[in-house]
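Presented sequentially are two complexes of subunit A, the first with subunit B as partner and the second with subunit C.
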Partner chain A sequence: MSAPAVAHRVVASAPVVAVAGALLLTTLVMLVVGVDPALAYPALVRGAVLDGNLEYTVAAFVPTLGMALAFALPLRAGEFNLGGDGQLAAGGVTAAAVALLVPLPPGAAVVLPLIAGAVAGGLVAVVAAPLSTRLGIPAIVSTLLISAPAVSLASYLVRFPLAEPNTGIAQTPPLPDAAHLPALGGSGYLTIGLPLIAALTALWLYADGRTVLGYEIRATGQNREFARYGGVRVGRVAALALAGGGAFAGLSGALIVLGPPHRFVDGALTAPGYTFTAVAAVLLASARPVVVPLTVALLTFLQVGGQGMEREAGVPSQLTQIVQGLIIVIVAVLATLRARRPR
Partner chain B sequence: MNVFEWSFLAGVLTATAPVLLAALGGLLCQVAGVFNIALEGQLLWGAFVAVVVSDLTGSAWTGVAGAVAATVVFSALLSGPAVALRADPIVVAVGLNLLALGLTAFLMRQIFGSGGTYSSPELAGLPDLGELGLDVPVLREQSPLVPVALLLVAVLAFWLTRTRSGLRLRAVGQHLDAAQAVGLRVSGYQHGVTLVAGALCGLAGAQLSLGNVTLFSEGMSAGRGWIAVVAVMLSGVYPGRLLLACLLFGVAEAFGFRLQGAGLPQQAADAAPYVITLAALVLAAVARRRRRSYEHA
Partner chain C sequence: MYAAELVGVTKRFGPVLANDGIDLAVARGEVHAVVGENGAGKSTLMSILYGLHRPDAGEVRRDGHRVVLRSPTDAIRHGLGMVHQRFRLFPGLTVAENIVIGAEPVRKGRLDRAAANEAVAALSERYGLRADPSALVGGLPVGVRQRVEILRALYRHAEVLILDEPTAVLTPGETERLFEVLRTVAATGVSILLVTHKLSEVLAVGDRVTVLRQGRVTGRFTTSETDADELVNAMIGRSLTPPVRRRAHAPAGDPLLEVRDLTVRDADGVARLSEVSFTVRPGEIVGLAGVAGSGQRELIDSVTGLRGAVPEVLLTGTPVKAGRDPRVAYVPEDRHGRATAPAMSVAENVLMGAQRDLASRWALPRAKVRARARDLVDRFSISAASVDVPIGALSGGNAQKAVLARELTRPSTVVVAEEPTQGVDVGVRERVHDLLRAARDEGAAVLLQSSELSELRDLADRILVLYEGRVVAEFPGDATEKELGRAMTGATG
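Right after this comes the complex of A and B.
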């Protein structure tokens, strides 16, 4: 394919059109409410990558990518996992509890809380599997309904049994030094979480495209009855996909807690909205797993930059949520328009 | 703690009303075969617009009207892509719920100057029925939208079973092609119910922010739209069952509120409606499954 043809395909691809459309609409919103886009957008870029903000963007990229896998993996099997917040909180609080309560040698003090967090997230998510495959309750509803009590439970644990004594703040005491994620280079925010999540993403991409399980997951997602007819144990595959997704969410929670400020602060995991930023990123990638890290990077950039925009230009950072919502709607519309067009 | 007292029943009704109004919209969509899980976002948007308009005009009823109109417009963002263009209704709804969350939080800061919670002495809430002369227990402290919601259950039940247009709507949901073959304007019905569901969610939001309380706070819909989705799943196409499902949620919320008063942590009260809703959903699904296996036996 010639260079112009490649360029045309990229420019006309769904993610590019969706992001361009969403930014256009957002600029309109800015103009309507009287914000100068010429002021807001440079502030957004500075807030994301300049003035020493890049490390915060990278720090936010790690859990967002983790949550993207948490949504994308079950989605490949046709299950919508919208309960990311509950799985994230469960993973975070479990990791904090293990790190605080179990005396562990160095090395294990990091690894075991991470594993415990992933297991907790997986357990919270896998409950939705039999409800979906045996009882016909869509995962999109059950994961959400399970998420709220899981967040409440984590909040309860951090306020009472695990609370830092005599402070009255809803947070655990600082985790022991041995449980801190090893930092890379000078920055405390750049930890081994980044290479870890990158490796897991690569593993998922490989498994999705090149293994039997990955094929069975995709077959289950594309046509459940046909997959069953072809000998795929769809109930088990759906459960595995949901458990795997939940494990990624739980691991993300654990990574946040073991990173700075090295404790579980109530609400700190769910407040930044990693879950739905990730949902938007995955849907934006429109069924091309390889693109997911890129869309996650783009939306994390917008999310973190949005806070810079709020500081500098006084534009509420919730604007980025508007962008994400618009992106999702536009992606859905583009998908159906493309399907109609004769090839 | 006495659950058999008027104030508890009143609390149940107050908690039920916004969910019921949103769920009635969801039921209409389900009857017509439109998968509408954007109730949460629409409810939040309705609650926000109700407060903004009431604050600007000083009239709660104008707030209600504004909420209904604005939420109908918002629901066009679902009906356009999902009905006219046949885009994936789940993906569109997920986007719209996120959009509502961002838009309300963003506009709140632009209009009221700060986030979190907005309330003001000038903000007019809906009157109590007691003030309007209906001084009976349970209803005394409800807004007029509460009896409206209950009445709508009966109206909907009648419409769906006893009128030509109601039966046609059900035909559209049951067999799209057959309905089309007999000459029904299928997409017209589906657009219609999606917009009506928007209007009902507008009412639900107004009831939440001007009836149950008189304030707006970020994310105040707090999952009620999702509970409404579940209520619709539980009740099929029967408004009577829908009322029962929503009352179950109302009992859970009112009960959780009481538990909190009795010294249980707030988190337990927060979780109660979700746990009970999920349990009801599972029990109903198990019962349905068992019934089916008898039929096959």
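Right after this comes the complex of A and C.
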């Protein structure tokens, strides 16, 4: 393909059109509600990358990317994992419990809670598999149904058995120092969680495109009957994909808890809305896995920048959620149009 | 004046010139057949006439006036109707609801069911297309669903009806009935465009025929003044070599496939197969005849392992394995639903089943996957822009060749082929038959299910007839179509 053709494909591609369209609509909303875009957008950029905020944005990028993998991996097998919050909370609380209750030597004190968190998230997710293969409840429903009780259970655990005594605050005591994720080069927010999630993303991309399991997952997602006919154990592959997604979510929860402020604070995992942002990012990447880290970066930028915008320009940060919502709507509209357009 | 005309239509898909300056004109009330090899551009041309594709050059005319069709909605407004090969019906709605959908009679803002039923009943009366308006579409046989599609187009006042390979999914009886319907509909002044690979059908029902080859028109004939040979010549530029009927040595050795007293019940406990027993020996082709729904699906799914481990089915003397027994090569009839994943590439489609053999440990090198696919594409002369295009972008016949390439190159001893020449052109049909004969000559046991009796007679050493889940008769391969047809309807003696 020639260079102009490539350029045209990129400019006209769904993610670019969706983001541009969403920003345009957001600008209109700002004008309507009387916010000056000339003040708001610089505030957004400052809030995300300047004044030392970049570090914070990158720190928020880590769990968002983890949650994006949690949604994207099962999606490759045709399963919608909307239960990210439950898996995230389960992973976080399990990691906190292991770090608090099990005396571990240095090194293992970090690794084991992470593994435990991933396993817990995977288990919560995999409950959806028999519900869909045996009872015919689609994963999109069952994962969501399981999510709320899992979040509540985590909440109960930090309020009672794991609560910090005598404070009345719904949080665990601080985790022992040995369980803190090593910081990256003296940073206050960045930990080895960043390289870890980057490595896992690379591993997933490799597995998706160049391994037998990745192929079987994709075949299952593209046409389940075709995969079954070809000898793929589709039930098992779908369950595995869900478990893998749940493990990414659980790991994300563990990374949050083992990072600053080094404890499980009730609601702190689910309140920032990582799950929704991640779903939006994956949908925006429209079935191209390599693009996922980029869309996650973009939406994290908007999310964090939106908070800066609220501080500085007095624009409610909900506006960035509107942007995300608009992006999803535009992606969906584009997909529908593409399916109907005469070629 | 013609009811519909395509004038100088050209359409490119990347490097592929699918239609190259095609002129085609259909008179009022005419049945106009369009034939040509796989990939000749028939479906593309029909899609242009129905507004699914925009032509790069050329134009569409209706009743002599130029029309611009941006979408099927435009086409419908201009009195065009299309019956798709993959039906676009809602199984959960009734016949009448499916027909009126999008143009419903309403009363007080709600669907007027009585009026809909009445309108549909009147319509089916008028064209002699029998269909119960209140029946659920989900439970109807394929032939009736197709009638519903035709009624749907007629309900929208279609004056030009396009049917792309409508008979590929029909049994001979249903095909016969479809042709009666088409003649009745044409007699009311509706023009019909019929794409098909079966020349006998062209000669039976068509008034005129246009032959396409590599995107151009290579022949225009009046059916009463032509014959199959002339059409084949225009289609593929040569005549067909008559098939070598039987080979010298008889099948010998222990059966590779043995089915012993197999009974299969559905979820409601109704027997779909009853006490079926037969064997297929190495070097033998056993044909399976029967009207659709006589138990073919259950039998083939049992033999291939897709119904799980079935102890009554023995492959080389041991029970079939659950999942997909690697000892069986299987060409399914449902190309989009089972045999391929249309959105995946040709390379990844022909990979299915061999992914573990090609992998070194868990890694599946892309270079190897593509090299293997290119080899198959060459060996089976599949025409595809590259092995990276989605298999759904291939013409029907080329997709079918890709499925055959994948299955016949498996290291298996039993070959199960379901409607293997469905939707393929006469040249490819010859080639597919050669491939099945070659598998047989190499000592495979072949089970061939086909609704085309001539195909069974050309290939099979023995023909089993299924009727209501039982093997009711067994014939030698040279049985007459009349004998077979009688047994298929359950007539005894």
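The rule we apply is simple: the second predicted complex is superposed on the first by the 339 of 343 C-alpha atoms of A that agree within 3 Å, B and C clash if a C-alpha of one lies under 4 Å from a C-alpha of the other, contacts with A are read in each partner's own complex, and residues count from 1 in each chain.
Definition applied: contacts are C-beta pairs under 8 Å (C-beta built on N, C-alpha and C of every residue); 3 or more make two chains touch, one makes a residue touch a chain.
Note that this is a predicted model, so its numbers are computed, not measured.
Clash or fit: what happens to subunit B and subunit C when subunit A is overlaid?
clash
Taking the superposition on A as described, I'd like to know which of subunit B and subunit C A:R228 touches: first, second, both or neither.
So A:R228 only meets subunit C here.
Please indicate which partner A:F71 is in contact with in the superposed arrangement: first for subunit B, second for subunit C, both, or neither.
So A:F71 meets neither subunit B nor subunit C here.
Of the partners subunit B and subunit C, which touch A:A219 in the superposed model: first, second, both, neither?
Second partner only, subunit C.
Name the contact category of A:T211: first (subunit B only), second (subunit C only), both, or neither.
second
Using the touch definition from the top, say if A:F248 reaches subunit B (first), subunit C (second), both or neither.
In the superposition, A:F248 touches no partner, neither subunit B nor subunit C.
Return the chain, subunit B or subunit C, that is in touch with more residues of subunit A.
Tallying touched residues of subunit A, the top partner is B.
Which of the two partners, first being subunit B and second being subunit C, lies in contact with A:A332: first, second, both, or neither?
first
For A:S142 in the superposed arrangement: first (subunit B), second (subunit C), both or neither?
first
Contacts for A:Y56 in the overlay, against subunit B (first) and subunit C (second): which applies, first, second, both or neither?
neither
In the combined picture, which part of subunit B sits where subunit C already is, 183-191, 219-227 or 237-245?
Residues of subunit B that run into subunit C: 183-191.
Under the contact rule defined above, give the subunit A residues that sit at the interface with subunit B and also at the interface with subunit C.
Of subunit A, no residue contacts subunit B in one complex and subunit C in the other.
Considering only the defined contacts, which subunit C positions touch subunit A in the complex?
Listed in rising order, the residues of subunit C that touch subunit A are 51-54, 69-71, 306, 323-324, 326, 330, 332, 334, 337-344, 348, 351-353, 355-356, 359, 362-366.
Per the contact definition, I'd like the list of subunit A residues that touch subunit B in the complex.
29, 33, 80, 82, 131, 134-137, 140-142, 144-146, 148-149, 152-153, 155-156, 159-160, 276, 279-280, 283, 316, 318-329, 331-333, 335-337
Mind listing the subunit B positions that touch subunit A in their complex?
Touching subunit A: residues 37, 77, 81, 85-88, 90-92, 94-103, 105-107, 109-110, 115, 223, 226, 229-230, 233, 265, 267-268, 270-271, 274-275, 277-278, 281-282, 285-286, 289 of subunit B.
Given the complex with subunit C, which residues does subunit A contribute to the contact?
209-216, 218-219, 222-223, 225-231, 233, 340, 342-343
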